[in-house]
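The structure appears below as structure tokens.
In this document, chain identifiers A, B, C, D and E correspond to the written order of the chains, with residue numbering beginning at 1 in each.
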Amino acid sequence: MSDTASSLRTEGLSKSFGGVLAVDGATVELRDGKINGLIGPNGSGKTTFFNLITGMIKPDAGRVLYRGRDITRHSPHRIAHAGLGRTFQLCRIFPRLTVLENMLVAVRRTRLRELLAGLRDKGEVERARHWLRRMGIEHLEDAEARDLSYGQQKLLELAAVLMAEPELVLLDEPAGGVNPALIDRIVSLVRDLNAEGRTFLVVEHNMDMVMGMCDHVIVFDRGAPIAEGPPSAVREDPKVLEAYLGV
Amino acid sequence: KTDEPGGAQTPGRQTGPVKIGISLPLTGDFSEPGKGIQEGYQVWADQVNAKGGLLGRKVELIFRDDASDPNRVSSDYESLITQDKVNLVFGPFSSRLVIPAAKVAESYNMVFVEPAGAAKEVFEQGFKRLFYAAPAIASDHYNYLADYILKLPADQKPKTAAYASLDDPFAQGTAYGLRDKLAAAGIKTVVDEVYPPETTDFAPIAAKIAAAKPDIVVGGTQFEDSVGLVRALQELKVQPKLAAFSTGPTLAEFPAAVKGAVEHIISPVGWSATATFTGNQEMVKRYKEMFGGEANEDAANGYTVGQIVEAAVTAVKCVDPTKECQDKLADHIRQGTFDTVVGPLSFDDQGRPEQAHMIQQYVDGKVQIVLPESAKTADIVYPKKEW
Amino acid sequence: MVSLLLQGLALGVLTGGLYALLASGLSLYFGVMRVVMVAHPAFLFLGAYLTYTVHTVFGLDPFLALPVTVPLFFVLGVAVQRLLIARLAPENLAMMSVLLTFGIALTIEGLLGTFYTGSYKSVSMEYATRSLTVAGVHLPYDKIIAFWVAAITLVVLFAVLVKSRFGQSLRATIQHREAARLVGIHTERVAGYGFGVGLATAAVGGTVLALITPFFPASHWVWIGKLMAIIVVGGLGSVIGAALAAVLLGVVEGLVLVTVDATWATMMFYVFLFLALLVRPQGFFGGRLAHRF
Amino acid sequence: MNTVLSLEDVEAGYGRAALVLRGLTVTVRAGEVVCLVGPNGAGKSTALKVASGLLTPRSGRVLLAGQDVTGLSPQRLLGLGLSHVLQGHSVFREMTVAENVRLGGFTVRDQARLNARIETVKELFPVVAERWGSMAGLLSGGQQKQVEFARALMLEPKVVLLDEPSMGLDPRNTQVVFDQIDLMRRTGVAVLLVEQNARRALEMADVGCVLDLGRVHITGPARELAADPRLGKLYLGGAPAT
Amino acid sequence: MYAAMATSWNLLGGFTGYVSLGHSAFFGLGAYGTGLLVVRAGVPWVVALLASALLVTVFAVVVGIAAVRVRGASFVIVSIALVSMMNLVVQGWRSLTGGSTGLQVPSPFPDLHRGQTHMVFFYLFLALLALALASWWYVSRSRFGAGLRAIREDEDKAESLGVPTAAYKVTAFALSALFVALAGGLYAVWFGSLDPIFVFSILIGSYMVLMSLLGGVRHLFGPLLGALIVAPAGEYFLIALGETQIHLTATGLVLVLVVLFMPDGILARLTRRRAGPSIPDETAEQRLQGVAQ
């Protein structure tokens, strides 16, 4: 294991569903403290890759290393505790909980004392409000989450993930279905959070967003990386042009 | 303890009607026999009142429906005794309900004569005021049959027997009573099955019996399973020399359910419509007038309870729910012998009746009493015809 | 001993066939509608009682009741779905449907108890007590009949679901109601028919049941656990899985019955249920869907 | 050009909750692409549902080819040549791609015609052909979208409602979708399009409508809207910083 | 007693949305555990009560680990199976439990007469209810409770936010089993006779569900209110309609109506503050600004 500035590494990660090889021996290393982009055609295995990293599904082969520790096959909540947070491609929130409750669900540690502590623990609520404010939805804290518009739900999902203070944030299509003005806001948020030291891995089809925001881009095709590098380089890569950009 | 019910007797109450509290399973699993018992009680009350009542007071029956639920049966008796301040209580149906009910009665010092708690466990609870108003407890039901079998000449005597019994204290009690007697006399037990009440498919049990080829088959059954067993035995071509089942064959639906196979099936029965025991024919007649149909064993058992209590009350001349009076009643019942529609009855210290059940058999499609000799209406057929 | 085992095996297969029929409706409701129909056994016995009526009042062969009961149950199913199930909120359909159908089961039991009283009824036909003997193994005719009726019904059912236009629209409706409407499917009607078909199997099952076992209004409770165990082991919602599981459990039950005893035989259903959950929560034959619901 | 589809002063909402559409009017002509843009929750999808009969408006009218179709079922409207691709994922997950596509032609009884359409659709969307036998629910998000699209085109509709068709699609597939829209326009089909990829959509659309809080606030030729600086800031997002 | 049980049930059902029809299994085990310890081991009843509740909790943890692997409908089925299975075990294990004969537990207060005994137990049940209510209240305010509610809404999502869902569910399962077992144990010493068929009855389990649902699963006092309505209503139907089994029908219909029209319960009905979305209507201008910020 190298002691490079890598927070997350996967080695030969593979997963197949029935006959379909969704992720095929993916060896990937993220740039620590940077905004990493992950692009690739539909069905190239990006979401599956996320699910493997976060323990939602178990790989057939390969390893996931986080800060040098092998976290392969750990359960999702342990991985979350280790400092990984993620959003889902189709925004998932707890529809019948209020916005504030959605925020308070995130658990960082499982010490008994903390669990039994009152929900409305002052410090926690303050932190929750802080994140809601940064997302610009603090005025909605008492609304039930299902009543929010899609865009607001996306912001809430991100805010809730940040509640757990993850060091590495995985975003699955944060701009999908989101109105352009809001995309700008998400981009600037991600930039700010990154400046505060958080590493990002963002799956996105919105090329403007990826190219404009990311420091490092990884391109997937058929379940494995085919190219990586700074956006400018990736954009010119013939393999990428052929497989993904389709021009 | 002045708040004890009946503790403070007012003279006025002694002239009112004699209230008798009864909880019965009028709905739920035991609802059919429960209704039979109720009718028996009603026939009895009707006749008592026609004769001028108990100690000159009219009898009033207060019924509760316990829905076959033991929780309910105890709260029913509780409220009958404390709220309705009944003078006497009569028992419910089924050993399962009798035990919790008797507990309540016992704690209020009430005499508890019951028509249907035959399982031996009922009498092992230390109840001092409980009496079972039928000829015999479950394990003694087959006594006459056991005697008959054991007296058969050696060449006819069965050598092997198969037992299958429902997991129920009463049903098991009957089968095991016979099993223990036969086994002690050297008749080998080749199959001894207990099946849970959920059982619907009897073919595999029959298969086991078929494999053992027993000379006789005994079922400790209720209704559903007796039918199931008979059919399954038939299908698997088990042809024993004798087939006996408790309860099921005594019910009116039985012959229709098993069709021709009914012939020569044996079962213990505590009562017969044709017997001439005290009041039996009157009861049968009155029953028909009141309810249209033919009286059955359940109704007779209910009626028997009435007869016993009536005799005791008349003898000791009190019907109060007080401890003194109830003690007197209990003592009287424990010592006496009572003429009833099921014959003369007497009880041991635990309240067990000391007589025995008759044995019935379907002969030419009709129910006949075949044992004991003294009561028989037809000769027992052995070995039975094939089904 | 060997012949006893063979006998157990044969009976198990035959009984398993019946279980398959009885469980198929349950599997259907769940597979296509995400409804856990606790009332299915209650309807089975309603069917059995109707058969009984037809048999005793008109003296007809129980199977001649089918032309009446099958359409009747179909209509009943459509009504239950349209009037009751369709009103449940989709978010927690599976849960609420349990309670709703539990209520329906109680209702039916109460009505049966009122009209037919609590006593046992049974339909017995002459042919139902004879049996075929092959190599020392007795195969009761009633079980053979039950088995074939079950098999035929299942094949028909399966063909309908997989091949017919109706089957397709039924499945489409379940999977995405709005999209189904947009391709021209009358989703409400289809869902209703789906339920109707499920109940129609209960009519057939009820008749067969009437033929082989006596019944009373509360009999259905006994079946709930067994049938539920079967469909879970088979993989919730998979009609084929349920059929296979039914035969499997039928055989296991038969063998355990002849070798151990009845308590253990019944217990096998639950043992297998828990085994299935531990080893394969989606059921032995189930699809991916199973554990999502 | 003649009006094919119009919503007139429509008010609609879900259940007893407050109104979502509050007097919406939109008109689409044959061979024209009308693009609805607006923030999340503005009521765009709701407008399409009213148009396709999935939701009955509380007041106002829906006209299809001059005929008042307010309150008719989707099945009827389908027969009149209207097709709707829902937002998000709406494939029949537990059915194969083949079954999904065939169901698109559910109302077609003529097998030959059905098969011809299937061939056409397969050509348009190679994934559909490739994964013909797979369970649709197992395809990736973008692949599913294409199956839906194929399904909607089975009937050669005259009016197509598309709700954010490019969401989740990779650039190449997005291009395929937009090419399709263009093709439909050229064959005289009327398209009512909802898109968050607004700049892109307005580039190719004929008419643009800005929808917010259940009403159309600005309507005009799409290109002009795209260039409107006010709008740009509020709805279309700033030009991405590079 | 019912109120205490319904509230205990709600510790699982209300938070996690896992509907268990099988809680009577824990009731029965608690009852039998206590009874057996008193009768066979001669342990004082208080000790027996606590010990058996503890044992049941441990058992619930084990069962829970298997049972909560499945969601929704499968879980309901598993819970039903659990009851049937326990019933079989207790009936079958005749030498220990007395089988179908039942078990007779001596009264703990032989000197008190019945009325006084009832009062004592009334207060004991009241205390248990208070304890269950207090736990519910406490959990509902804790992060543990928030985690459980999150599980109800979206289990995978909760997991990805770091909620150890399996541990949470098992804990909730065991906790609610603990209280139900205590109720069962109290019942055993109070009532004195245990009969497997009635103690392990699905009906008891479904009463818990009905009460909770009727009152409102999301409210502290919901199950209590439900119990206060259901128990007397059951009595009423029995008395008013008695004789026949129509009262079952009445109960069934009430269940159907509750599920159809008040799936969130009476309290939810009464306390609902608003009809529409919980977000105040914004004006277009505010919205434009909001977006522009």
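The rule is simple: a residue touches a chain if its C-beta (ideal position, glycine included) is under 8 Å from a C-beta of that chain, and two chains touch if they have at least 3 such contacts.
Note that the structure is predicted; figures quoted are calculated from it, not measured.
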Farthest chain (mean CA position) relative to chain E: D
Interface ranked first by C-beta contact pairs: C-E
Distance-maximising chain from chain C - centres being C-alpha averages: A
Centroid spacing, where centroids are CA-atom means, of chain D and chain E in whole angstrom: 48
Between chain A and chain D, centroid-to-centroid distance (C-alpha), Å: 30
For chain B paired with chain E, centre-to-centre distance based on mean C-alpha positions, whole Å: 38
Sequence positions of chain B contacting 2 or more other chains: 27-28, 31, 167, 196-198
Residues of chain E whose C-beta touches two or more other chains: 84, 88, 91-92, 244-245, 247-248, 277, 291-292
Sequence positions of chain D contacting 2 or more other chains: 39, 233-235
Touching residues (chain side chain B, partner chain E) in the complex: 1, 3-4, 26-28, 31, 65, 67, 69-71, 74, 78, 82, 95-96, 99-100, 103-104, 107-108, 119, 121, 125, 167-169, 172, 196-198
Interface residues, chain A side, partner chain E - complex: 54, 56, 75-78, 80-81, 85-86, 88, 92-98, 101-102, 104-108, 110, 114-121, 136, 140, 142-144, 147-148, 160-161, 163-164, 179, 181-182
Parts of chain C lying in touch with chain E, wherever the complex brings them together: 30, 34, 36, 84, 87-89, 92, 94-96, 98-100, 102-114, 118, 217, 221, 224-225, 228-229, 231-232, 236, 263-264, 266-267, 269-270, 273-274, 277-278, 281, 290-293
Residue numbers on chain C that touch chain D, as the complex places them: 165, 168-169, 171-172, 174-176, 178-186, 287, 289
Chain A - residues contacting chain D, complex: 17-18, 20, 39-45, 47, 89-90, 148-152, 173, 176-184, 187, 205-209, 211-212, 244-246
